[in-house]
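Next come two complexes built around subunit A: one with subunit B, the other with subunit C.
Showing the complex of A and B:
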């Protein structure tokens, strides 16, 4: 089977490209599942846009959607590695609650009151964030140790963790809501002030384009060096154009969402600017949670595909015994995935609590379900060894699109749950069916 | 084999803990020993004292029960010469049924129940009443015509929220953020809203531009819902009725992102510290406060009255209350208090919140409680 594809691949490169859709896709070497998801997302967006009378595809709603998806997307990247290595983590929502509460207590109680250092110190946000991530790593490490070295199934360990970490979060503040957050920390949650603004957003687009072009060029060079078949030039150009358009388009959307007029007026007054006719237009740009999510996805993708750690994770998922016999330190690798997951839950906690400007004892409740669903909709297989990080991020966006869209249409929450549940099972069912047909 | 040994160790541990908590008396609900072992003096002790009142908590692991309700209940019972015993069902309806029987076998003459499930608890309640032991439904309704229902008037909470908001915004666009759909309180509150703003809605003065239930009363869900409502109404929202403080926090965060916080009136209830701080800051208009100590005292006093005369109709200050299930029960409905910027001193004077926590970040000199 693999041989056949390889032969076909070489013929495609030598002959003038045949203009059938299938061969074009083969030449582009895009992941058909990912492409299917993008198409599904487009259908969902257009559908909601029609049903909501053009409200869905506004820059404002898309900007909101990007922020709302961020926290689940951040955790879903780590969940892919956990599920790929044939484990599960049910405790992420509770770790989120515990680390979020710790970060909130640090900035609203311990630093200002217990240590008497006062509110709004310049270092508060970074101390809180670092402590939260360290705690996430510790909590994940404890679970990972029990799973990998003592051999208790991850389902059980993290089910216990689900209860334990939430209980500890309660103990920290006796169930109280802790608010408000440090104003610098609150910027991590987005909002117009917690966004990059016009110039920096374009800079991000520039970096993304440079990255796309470089990786295409480097990939081509690498293939040539090892004598692998090359993509036809038209395919390379098409991929480059597509990547550039996507980056520019996303930033264009984020920049065409202006600051709400009230905030713009406040800003104008504070800076002594006379407001022009029709109000001051300040482009919002990409929100911090989205930057954090993209950054996380890039780092985890790099770890998963370019580092030894990632290769180990996938080979353990493919065949744990073979991986162990091949000399991979499977235990350390598994523990590593849980440490990483704990850290990501903490980052997600920072984003969520900053966005809410408060930490509540229930913060992140049930988010484990959304995170697992995002990873699975994104094509991660429970059989192990299969899964991609961009897929999981797309999965998170698809689920949030459904939920936000239904609120716009004034669909009430029980019906939302029904739809999301059905979509989850249908997506995975369809995927399994297609995979079996094409295998 | 090892599992069996583990079980043995666990049961020994549980018994030890049970013994310990019995030793400490009725001061706290058991956290480790679980359902079977109540933190209570043994039957002999109860027989020596006055009337024993049993309290069945559904889930003691919530801040307010330990901090506010229990001390008040206990104080009122002890002031009446009674003894207080309790246990905790840890959010399990089955455990609570056993717990109620345990309280009775420990000599309780009156049982106060904070029900986990108003229907599942019914068989235990019916059998208790059958044995001549009166039952007080504490804070949550139990659908049994024989109980005495003591709670804050939740419809009145809704009326109070709507009244304060309606005073400020007699006409315009309203958003309504309701709690969990499965919770009867979410509907009681909405009923209260309807009584105040219903006429204005029919007359067309008030337009409801968004109304959603919120899964599990979660603040972050309320925030997302509010963002979507603001998007669909293009920020043209003049007032928000939020059923509790946690969700009001999410609503205010969503308004803040649009520069509307403090400009759009928002309601809440519960007296959360963060919410009272928002009232002082001016980003939340009203916080309906239910002093849990008042509720605890009322229940304790009613229990003592029932010790003397087990007829619930004979308890002073009761009225008939028709339940959603069509039963008529005797009830005491306490009146909550709306907290606004002008009367914040009430919560400070009551020791509910420190001035420090209330006034954090407040620069407005018109807030009297912060001067």
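Showing the complex of A and C:
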């Protein structure tokens, strides 16, 4: 009797706070899966920081982490759309290799030697980049055509592509490493000079804040116009504050990372500045690869959520027959996802080869696995129809955090692979379990 | 290319013979004593909304639809009945653009129409409510209602708010209790999902509505709702093809009944001139009402 009332008592006291936490989340209209991933990332970061004795959460490590995550993140945004529409692309690493090699050949061989136009022309970087992206679109288009119009399964087509494009990359340079890149092109790879610096980085933060505030305001206005329920004001303020703090915090971290002292000295000498005691401190700011990755994520998110193309991709993933019966040109849409994926692989190739200042035959080998893993850790479902671009970017950052953290802890590389593999399966297993329970 | 002229008034009914409108085959106008237009059908000078002539569809060696002709007038419900594999769904898939016909002709408003895909059919005002509902489960009600016909802003972006407002409007009329406009339709009940499929079909000013087993997944209250809606749409002048295996459904809603058996047309009869038994005879034995013997009628009852 007393026991029963005690049990009842606990449930009564426990119920209200839990319900209010849930209703708070509902009011914020935050994707709970995304929130869970952010929390997982925070746990990973704090855990590694403790284990490494404070080495992980330094501006230097976080800056490097951001640059290293970029190339996988760029491709993962496109992979989300591929997997959402019930396909797969195993060839992205090889497309990266082929387009990277082509861009390198353009800069180091074809433009200067074959056409005799010379090195370091002002247009070299943009011609190379545009040609690489166009080639990526072409290669993706060929695969997409075979998949969508001829009906060969994407697994097979891109498995073949994995071999074909890598082989072509080898043929292009007879297996040689092509270097160096055009100096302007090399800025795409980041590094102190390929970063925005202090002022521009704060400007980026300002643009991000303006964007957050505008979208909250525009969303509220739209809802009011149609008489839909509005978010409570505290929720709007909380989202705005969170967005602003995130943008300012990220830029603050990037600006806290100074140029390496030897580069700073070089810069001081070149510009006739007398170095102060303790060396010249030049804030690095956000690296170009990170800017490119963020820009890509924004554009692809826009495509996925605000344009018909994205709506069709998700509908095809949810029910291919329904999409067809609704009059959607499903074949063109599927082909479009592969064209986009090829272009993103080329952008990623530019970032990677610029960072290496060279294109090797093995550039991007196995990156298809990391890209697919990032998309899947980010909540993209192989059953189709489910996935978000911010999730995939977070997935890329989580994977890179694990690898960087283990490097800091001096974990052997085979063990790193084992851990990443286990995390991948565990993350998806957990996600599937939670989804089944909440469904 | 109009259908053969028919006597404006029904011939005095001969005992034992019930009027049957045989399929209109252009080459050889159908004759016969039973060829009288029933009173319930629209006047013959009205042009049919849809005419399908001599449609054939084969899957491999199987003739799923074998030379079938049907017609549909404005403000009319034509029930399409037949057993499993009779070809009624396939015939309607031809009209909705989901499956191309191997041969045959389709006229919409008297004009030859080529329907190669669902887009073509929708452009002609032909909407379909599929038995499977054909909803994308992972997106919300508005995305499904406007799938393939999204409202866009001046810049070409999706205008989700406008689509949600329109969806609230159209579904609100069908099902006032419907509230879940933001959730993926996967989590909705069968009746709610049906509401979305119906809303999608009627929101775009359809002239012709194809309903494939519209009440198969519904409870009694929802079934009544669909029936009332059907009557209302008919009142508004739509032509409706109603596929059903439930003969009571068909008798309640249809003006004319077209019976198919094993891909072939058995006949089209005026609902008011036949009994359910006679239609059952057509469905099961492929015999027109006049051809049904006493013994066979008795068998149907056993």
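Simple rule for what comes next: the second predicted complex is superposed on the first by the 420 of 439 C-alpha atoms of A that agree within 3 Å, B and C clash if a C-alpha of one lies under 4 Å from a C-alpha of the other, contacts with A are read in each partner's own complex, and residues count from 1 in each chain.
We take it that a residue touches a chain if its C-beta (ideal position, glycine included) is under 8 Å from a C-beta of that chain, and two chains touch if they have at least 3 such contacts.
Quick caveat: nothing in here was measured; it's all calculated off a predicted structure.
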Overlay on subunit A: subunit C relative to subunit B, clash or fit: fit
Partner chain(s) touched by A:220 [first = subunit B, second = subunit C, both, neither]: neither
Subunit B versus subunit C as contact partner of A:179, first or second or both or neither: first
First, second, both or neither for A:357, with subunit B first and subunit C second: first
Partner chain in contact with A:323 - subunit B first, subunit C second, else both or neither: second
Which of subunit B and subunit C A:33 touches, first, second, both or neither: neither
Partner chain in contact with A:228 - subunit B first, subunit C second, else both or neither: second
Comparing the two partners subunit B and subunit C, which touches a greater set of residues in subunit A: B
Touching partner for A:331 - first (subunit B), second (subunit C), both, neither: neither
Overlay on shared chain A, then closest C-alpha pair between subunit B and subunit C (Å): 16
Subunit B and subunit C contact sites that coincide on subunit A, given as residue numbers: none
Residues of subunit A touching subunit B in the complex: 52, 55, 58, 60-61, 64, 68, 119, 167, 170, 174-180, 190-192, 259-266, 352, 355-358, 360, 362-363, 365-366, 403-404, 407-408, 410, 412-414, 417
Residue ranges of subunit C in contact with subunit A within the complex: 96-98, 117-119, 122, 128, 130, 132-139, 143-144, 147-150, 152, 156-158, 161-162, 164-165, 184, 187
Residues of subunit B touching subunit A in the complex: 61-64, 67, 181, 210-216, 218-221, 223-225, 227-229, 231-232, 235, 245-246, 249-250, 252-253, 256-260, 263, 272-275, 277, 360-361
Subunit C contact footprint on subunit A (complex, rising order): 222-223, 225-228, 305-308, 311, 314-319, 321-328, 384-386, 439
